[in-house]
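Here come two complexes built around subunit A, the first alongside subunit B, the second alongside subunit C.
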Partner chain A sequence: MDVKLNELGAWLGGRDFTPNGILSAIRRGHDRYYNKYINVKKGGIGGVAMLLVGYVAISYLWEYDHIKHDRWRKYH
Partner chain B sequence: MMLSFFDQFMSPTYLGIPLIALALSLPWVLYPKPTPRWLNNRLITLQGWFINRFTQQIFQPLSLGGHKWAALLASLMLFLITLNMLGLLPYTFTPTTQLSLNMAFAVPLWLATVIIGMRNQPTHALGHLLPEGTPTLLMPVLIIIETISLFIRPLALGVRLTANLTAGHLLIQLIATAAFVLLPLMPTVAILTAVLLFLLTLLEVAVAMIQAYVFVLLLSLYLQENV
Partner chain C sequence: MLSRLVFVSGIVVHASRCLHTSSQSLAPVPPLPEKGGKVRHGFIPEELFQLLYPKTGVTGPYMLGAGLLLYMLSKEIYVINHETFAAASIGAVIIYGVKKFGPSVGAFADKLNEEKVAKAQEVKDVAMSSLVQATEDEKKEQWRVEGRAMLFDAKRNNVAMLLETNYRERLHMVTNEVKRRLDYQIALQDLNRRLEQEHMINWVEKSVISSITPQQEKESIAKCITDLKVLAKATQAKATA
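So, the complex of A and B:
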């Protein structure tokens, strides 16, 4: 990205946070990822695999509060 | 203690959003739209091949009236198979373990096939309630039995999918817990249990695919009778 760290606050303030803006941001992000990793001539398993690993990581974060009770539980 | 094993079927919320929302929207992300180019990328080629084969297989025995259902059944199959397979990844949530979701798929689609049959060809549709060649004395009993079996179809569709997936997930969790707990005590038995776990996971992959297929296949059969 071409935004310097000390300019981060100003950059964030100027972004479009309306629902349309968020949707178009998601769209652009998706297109960037898709065209870089999946829509290539000899795309391998990596493109989809990275997505799935990200999904697993997000699921873990989502469930962390629920799972942390299982850590040193004596009876499962 | 017992409650913990079933905790995996409760959709946890984070910032007020349940994980099921993410799990339900993921299959949409994984299947890109085919471009009008002649040669697409590998993912789209695979996806197109799979959908083609599947649609051909399911709709071959169906008459032309049933072909209107092609888009619906193909997308249903894709959705179910993706949800099932994604649920096998660690820490993920499988929406198809929820009976509410499966009944929401089964009941409207089954009801649609019945209503289509009753509207377009009521005699033929009602004729299905009595198989050919039954002895005269058995006819009343058999009609009652066939009616009950007709009404139990959506229940069976929904519960079959739910029960298979839930049982599979529970088994995986139980055997994994057993292997983990046995490891310091009896390493050999723990290794055997780990092998069992591996085989079970392979089975679960197969069950995930098969269950989705069976769901859609049965729906197409009900459609075949009625269209």
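So, the complex of A and C:
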């Protein structure tokens, strides 16, 4: 990416965390994803599939505390 | 594939390519990119493979995936329960459906897109041809205007001729009328003179006749008889001579 790993702290400090800034960051991210994978002439399944996989992953993460009780073994 | 559906259904979902972000004018709008970002196996972006290729070669990401999967299974970060079975079945059905019907649906959406584009193109072509025709007609009209000067000259000549004819007619009429009036005056004078002459002659005759007394009449008759006798004698003498 454009930000090196050791510059991460400085880069994060310079970011705009106001509500407007956060909203504009979300909009920029959305535009980037949309223009790269969806707003094209011949898109494939990838654009939607990635969103669905992300949704599945996030929902698993949010439910993990509940799913913990279905574990087969107590000690790993 | 959603891209084709989005395009086809005409949902203007935030036309958010860089329009109106720079001060330069971006007309005509640049065309859509042909293909989206490459995605391997349907949900892993190609960038991951490119990222890991220098360090680990071609099999690197697959090894990473397999290792992560084993780690999550063994540490039971991913728990196998009834939902796993459901997810597996649904995944199988989805993959089968996409593999089987993907290309045909894509082709159908592409065809719809083509029709839309063809219609727009046709409108543009018709507009262009009509504008070209309009410019040609305009040029023709400009050429016609040049000829209009000649038309006006001919018309001007016509009008001048009409005026001339009218003027001559009136002149003619005026001379005729004047001549008629002068002729009338001449005739009037002639009549006057003739009347005076006749009246004078009549009056002289009447006065002469009335002045002949009976005495003079007898003398003149006797003189006529003697003259006649003399004449008779002369002619008799001439006849016998």
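Couple of notes before you dig in:
Just so we're on the same page, the second predicted complex is superposed on the first by the 72 of 76 C-alpha atoms of A that agree within 3 Å, B and C clash if a C-alpha of one lies under 4 Å from a C-alpha of the other, contacts with A are read in each partner's own complex, and residues count from 1 in each chain.
In this section, contacts are C-beta pairs under 8 Å (C-beta built on N, C-alpha and C of every residue); 3 or more make two chains touch, one makes a residue touch a chain.
Given the structure is predicted, the values throughout are model-derived calculations rather than measurements.
Of the two partner chains, subunit C is the only one that A:Asp31 touches; subunit B does not reach it. Legend: residue contacts after superposition of the two complexes on their common chain; A:Asp65 is shown touching subunit B, with no touch to subunit C.
By the touch criterion defined above, A:Val40 lies against subunit B and subunit C together after alignment on the C-alpha atoms of chain A.
In the superposition on chain A, A:Tyr55 makes contact with subunit B only, not with subunit C. Comparing the two interfaces of subunit A, the one with subunit B and the one with subunit C have residues 30, 34, 38-43, 47-48, 52, 56, 60, 67, 70, 73, 76 in common. Per the touch definition, subunit B reaches subunit A in the complex via residues 1, 4-5, 7, 10, 12, 14, 19, 22-23, 26, 29-30, 32, 41-43, 86, 89-93, 177, 181.
Those residues of subunit A that touch subunit C in the shared complex are 30-31, 34-50, 52-53, 56, 60, 67-68, 70-73, 76. Every residue of subunit C that touches subunit A in the complex is listed here, in rising order: 1-4, 6-7, 13-14, 16-17, 32-39, 42-43, 45, 74-76, 78-81, 83, 87, 98, 102, 106, 110, 113. Contact residues of subunit A toward subunit B in the complex are 30, 34, 38-43, 47-48, 51-52, 55-56, 58-63, 65-67, 70, 73, 75-76.
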